[in-house]
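Next up: the structures, one after another.
In the two complexes below, subunit A is the common chain; its partner is subunit B in one and subunit C in the other.
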Partner chain A sequence: MMLDTPETPENAEDAPAEEHGDHGHHADEPSYLVYGKEKGFASFLKSWLITVDHKRIGIMYLISVLLFFAVAGFTAIYFRWELMTAAPDVMSGDTYNKAFTLHGGIMVFLVIIPLTPAALGNFVLPLMLGAKDVAFPKLNLASLYVYWAGAALLVYAVLGGGFDTGWTFYTPYSTTAQGPITWALLGAFTLGFSSIFTGLNFIVTIHKMRAPGMGFFRMPLMLWALYATALTQLLATPVLAITLLLVAMERIMGIGIFNPDLGGDPVLMQHFFWFYSHPAVYIMILPAFGIISELVAVHSRKRIFGYGAIALSSVSIALIGFLVWGHHMFVSGQSELSGVVFSFLTFFVAVPTAIKIFSWTGTMWGGSVRFNTPMLYTLSFLFLFLIGGLTGLFLSTMATDVHLHDTYFVVAHFHYVMASGAVISFLGGLHHWWPKMFGTMYNETLGKIGAIIIFLGFNLTFFPQFVAGSRGMPRRYHEYVSEFEGMQYMSSIGSFVLAFGLVFVLCYLLHALFKGKPAPDNPWGGVTLEWETATPPIEHNFHHTPVCVRGPYDFPEIDESLGNGHH
Partner chain B sequence: MAHAHADDPNRPEWVAHFFHSKEQQLSAAKFGMWLFLAQEVLFFSGLFCAYVAFRWMYPETWLSGADQLNKWMGGLNTLILIASSFTMALAVRGAQTKSPTALKVNLLLTILFAGGFCVVKYFEYSHKFHLGIFPADHYAYEGSTGLMPIFFAIYYCLTGLHMIHVVIGIGFLSWLLFKTQKGRFMDGNYAYVENVGLYWHLVDLIWIFLFPLLYLVK
Partner chain C sequence: MSGVPFGAVLDSVREGSFWMPPDASVTTQFVDPVFYYILGLTTFFFVAIVAVGAYFAIRYRKRSDADRTHPSAGSHTLEAVLAIIPSILMATIFWVGFRGYINLSVPPPDALEIRTVGQKWFWTFEYPNGMVMNTSVENAKLREEAGLETGLVVPIGQPVKLIGHSRDVLHSMFVPAFRIKKDVMPNRYTSIWFEATKTGTYDFFCTEYCGKDHSRMITKVIVKEQADYDAWLEEETKNSAKPKSGSELFAQGGCTACHSLAGVAGAGPALNGLFGRDEALADGTSVKADENYIRESIVNPTAKVVNGYAPVMPPFAGTFSDEELDTLVNYIKNQK
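Let's look at the complex of A and B:
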């Protein structure tokens, strides 16, 4: 593993150094993973904990996020086990409520929101820009510590008896129920700041620190996606912050803003909540779009189809995302007019999203598609996200939504968009950037097997939920009528397969980390700037500021004489 | 490692290694602050929305609620904050012209104005508490009509959140003063002064909206 052999990247480098850039002249410089190691373990650990290096912060985020992903995943397995039978046999109703709240709360606030921007994004964003770090490295480290503080508050709330409000903290239940809900609210409030810090940092970095020659329209699409995500993080999260603060104040001192007895309005809380939490789903999905744009182009060896359309559709999704929150509230008593307007605006989001799906498919058409692990995740994403997106239209149509509201159909829909969007694309991105991050290659065959197991497990888990939901199975019940038992049973088996797939991936990746073959600097033939530096990168990314001389998808094998990327 | 631009004689020492030039660093710092202010505005916007919703639902409560507030004290605080914004702007000017005295004096004046604001607010709050005007649940004042608890819930949330920002501002201003005393900000690296200035102007601006919305409803 590279921790033991800092010279690994140079060993792996067969081609003359001059061809790759300048790092060959500094063959003695250790990678970002190992510098500070020579002074013993304690100071090495300290050099990680107080680092301002975006790559190390990204790796620490990655570890933290995956840890919580495991917790949330095993919680899900636990209640899927309960749901295998119609009767309540594994856990009490109270435990079940706490378990799904734990799963939802952790997955949303601690896993999916930071998963791609803070973990992968932190690592790749400055490298792709050709920058030596983000604009505010200390703020970046602060965001990680704020994340840990928020996570500690949430964990404290869980250990102090748990909370069963659902991740949405709807009033009046969240203001009247017993339990450590105030701590959970403060935890989510704190986590919001971590997200804001990351977003702010990324926007400034993208605006101010692009390499010479890199205009906005020469940026890799991953950066456009992270930019749109950061805008949403910055502008939506503070509204969640004030909402959670008001709910906490309600609990602590009965402020009354959401209490109808005092003239307050509980529906106002839902408006505030979804004003954040709908854009938050774009915080989760936009980075996924970025990853897929990179993967589909690099592994099809073709210029991306519709670069401008993909770039601008990310920004327009971020903007339209602020105007659709009312579609979560079709049955909450808002006026019919608002319902119609929100329904219409929601349909509108489908347009830029469809543009993206179309462009990715168009990129593969006529390309030299490599069916490797990142590509399998990309295809898996396209398939699953299409189902998730189209079922979203059922839910944005008011008449069908009234029927499907609060059923498993909704659960299946948001798992198809969120879990496929964020988790599947993240796995694709992790495999794509893994060699750059850790300097080793994973086993390609195992990678493909893992991707296929996850794809099958995912569909087996969530597809039956569409059927059960459309037939009326409500969400959030641990005991249900026996006609749904077959579907629930299938879903539970699927979740076990999915969990097995994820553990399988973890195993071979850990093996690759310690025993994998050294990776070359540019295993996929990418032409974005992160592939121009050493593998794994040195502490300051580049010895000399790189100059961006071509578009992000101008692959050398593209035959220019045929025009427009066909070859 | 040695950096490529370490030998550049025109590069001030305070420019971080990952920036090409001091201009890049300064503009990044200022842009970051503007983004932070945008996020602050959205933080307050939730409460402003609640204000609009409840005022629309209970217009007469808002009329009688404003009667309970002391316009003169509110007006005095408005003047104090506007004056403090002026001295803050002069402080930034002091940093730009490399005049430590102007910077120190104006920072001190800004802190004093901010303190004055807190004193006036203290008298306002304590008078209300004395009458039993607490937010919502604890409201105990008999001499008013309408849904006063919800008006005062909004009043205390908005002014309280603003007050927290004033106190944080005093902290930042004192830190600037302390660092100026130690000779900082005279080498062209005054982004901190400018950014605290921007923050302070926003705090002032929020109050300029709060004053008419709460005190001058009639």
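Let's look at the complex of A and C:
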């Protein structure tokens, strides 16, 4: 879809003097991964740490996020080991509480929120737009450093004894409990700014830096999804910041906002908290919708079914997502009337989500579906997210939520949505863009085996939790009544399989990174702009500003003679 | 852990159905039909979508590089149909869920009212005649040794309204067999109701995370025939009128969850050897641990907090009578 523009004074400045090929190969121009290497290791490292290149920032985000993913994952394995039996045997109650808090806190604030937007998104967004970089490259680097600072505060809180409030920081527990909770609050507060910086950058970049010819409705759906995510990051995160700051002020100065002893109201905290944290669910899931939309179209060689519906449903989910926070609070003591209104509004989010599922499934119709690793993750996502979405109906319905609230049913539901949504789609996206990011191919057979192990491990881990929950097992229990032992045992075995699958994927990807075969510029036959540049891309992405002349899914295989496609 | 066979899964579902715990209250009729209605619809759509997806993926799998694909980019008609059908079904789900919730929220006017107090980490039930059932782990153990049952004892066929309140952080009342749940808070009352339909013993859980012993904040609902209940209440009321010993009161207050009598620091300081000692306080001053200090630390614990500990102990003003406080202070005083 990209054509080199004729030389104009504007872009002639950027273009090197020598001849260039159709795909922008320049033998003498190093890729973004290696430029600066010739001056020695110290200066090469510095060239990464002070880079304003969105691709390098994306890779550094990727490494940081995966590091924390590993920490949170091992923590989960540790407490799944405890939960294999009803009696407390592996760790104390205190340690268990700190462990699940650590897992939740790291997964939400340090992994899933930045996972796709800041790591993958940073890498692909300007490339897909045909831009040289994001609108504010220095702000982009600042977001990474703010992320590290926030992470350092959280790590300090963990090393300083750990904290056991749960990632939800519910008051008055969080304002009265012992431990370095204030540091953890400040860590989450700081991480919010990193998220805001990224969101702001993406919104401006999408508005101002699309390639010539790329109207909003010619953007790949990944960009629509990142746009909707960025809107949510920008509008919701400040509310979390305010809430966490108020909790910290209550702890430090004894100002009564949420603690009834001081004249505050704990339910107010829940309102504030979920006003952010429900939209945050969409910060985590919308990028997944973007990835899946790209993958299903590219690997089915089809135009996406209902482009407009998917694009606009992302934005409408982001907006309606601000009006449903009270569905976390049906049994919290908020008024019955509020419960009714929030339940009603929640179903309005379900409709656009259902439309997306239909669209992805329908995209495969009449296509040429390749069963490669990215597509296996896509199918895996569709299966798991379908379960996650459908089980959400039990929780948005008030009568059933009364029974299921704060049980393992909820734990299973949000892992099917968050872990399948964010992590499985991320793995699909990582395998899809891996050749572009690192210029090497991974082993396709190992890739497929990995995807299948993860799929099986995931279901074995989380499906039994639905049954444990609907039969009444509360969440956040260190020991439990023996009736639930069988289901918890299965779940733990599943988590070991899942962990094995993830380590397996890590191993062959590391192998591919150093020993993999060189990747072609466009291994999947994608027609979006990121496939038109060199692999791995050069520092400035494109030698010439590309021009967008076709839709993002106008593949050469499409047989226009078959008739009545519209788009 | 090696002793857990997968057959335990089957054992565990013998009570109740596969998805649901035992059904022992009229309130289950407001939840279970809604649950199975949603389960039916979602199972249908799950199977249908997976079947269609699998069919498409296999039927339209790539066969060769010469494959040509259909130019379709969607169909507004189909999209509209696929939006409207789920919308209608979701409206029906909302409606049945709404009706069930309202029924769960409105107790019958003749309900027996039992005050339910949550605190770290036990429940206390106060009956209309003033009898107080304390369910702390330590108290339950003492009662068991004396051959007494501990829990929320209620008569069958009688609507019961639990009026919930917390002495410290948030907790939540949850009885899976009755399908009822509500958070309890320090600054307002909340309530749930049920009417037991089967005699037996059912779990009563705390489902709002509340710290160290959250998973031990569990007790039982014991449903009895009316005559058995009346006899039980009379007996318990008589027992509760008898003065209790210091060790009984110490167990009843759940004190041992945080305070050791053997010199081990817990969430609170150990209490043996306390009397007569100078305690260093968090504000830098110190206080001589006399009777007044011990009494104050029970009824208003945050007034003087020992250095190195957080002000997390709930006030026990109102939990113990004046005579009981005297007994308790004397008991602590004598722990060497």
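By definition in this document, the second predicted complex is superposed on the first by the 537 of 567 C-alpha atoms of A that agree within 3 Å, B and C clash if a C-alpha of one lies under 4 Å from a C-alpha of the other, contacts with A are read in each partner's own complex, and residues count from 1 in each chain.
One rule holds for everything that comes next: a residue touches a chain if its C-beta (ideal position, glycine included) is under 8 Å from a C-beta of that chain, and two chains touch if they have at least 3 such contacts.
Model, not experiment: these values are computed from the prediction.
In the superposition on chain A, contact is made by A:H544 with subunit B only, not with subunit C.
Contact with subunit C, but none with subunit B, is seen for A:G333 once the two complexes are overlaid on the shared chain. Touch criterion not met for A:L312: it reaches neither subunit B nor subunit C.
By the touch criterion defined above, A:V155 reaches neither subunit B nor subunit C. Of the two partner chains, subunit C is the only one touched by A:H478; subunit B is not.
Which of subunit B and subunit C touches more residues of subunit A is settled by the count: it is C. When the shared chain is aligned, subunit B and subunit C each come close enough to touch A:D265.
When the shared chain is aligned, subunit C comes close enough to touch A:F358, but subunit B does not.
When both complexes are aligned on chain A by C-alpha atoms, subunit A residues 265 touch subunit B in the first and subunit C in the second. Across the complex, subunit B meets subunit A through its residues 1, 3-4, 16-20, 24, 27-28, 31-32, 35-36, 38-40, 42-47, 49-50, 53-54, 57-58, 61, 135-138, 147, 149-150, 153-154, 156-157. If you check the complex, the residues on subunit A that touch subunit B are 26, 29, 131-133, 135-137, 196, 200-201, 203-205, 207-209, 234-239, 241-243, 246, 249, 253-257, 259, 262-265, 268, 271-272, 275, 538-540, 543-545. Taken in their complex, subunit C has these residues touching subunit A: 1, 4, 6-13, 15-16, 18-21, 30-31, 34-35, 38-39, 41-42, 45-46, 49-50, 52-53, 56-57, 60-63, 67-75, 78-79, 82-83, 86-87, 90-91, 93-94, 96-105, 168-170, 172, 174, 176-177, 179-183, 185-188, 190, 203, 205-216, 218, 267, 309-312. By the touch rule above, subunit A contacts subunit C in their complex via residues 84-85, 89, 93-94, 97, 164, 166, 170, 172-173, 176-178, 260-261, 265-267, 300-309, 330-333, 336, 339-340, 343-344, 347, 350-351, 354-355, 357-359, 361-362, 364-371, 379, 382-383, 386-387, 390-391, 393-394, 396-403, 405-407, 464, 467, 470-472, 474-481, 483-487, 489-490, 553, 555, 557-560, 562-567.
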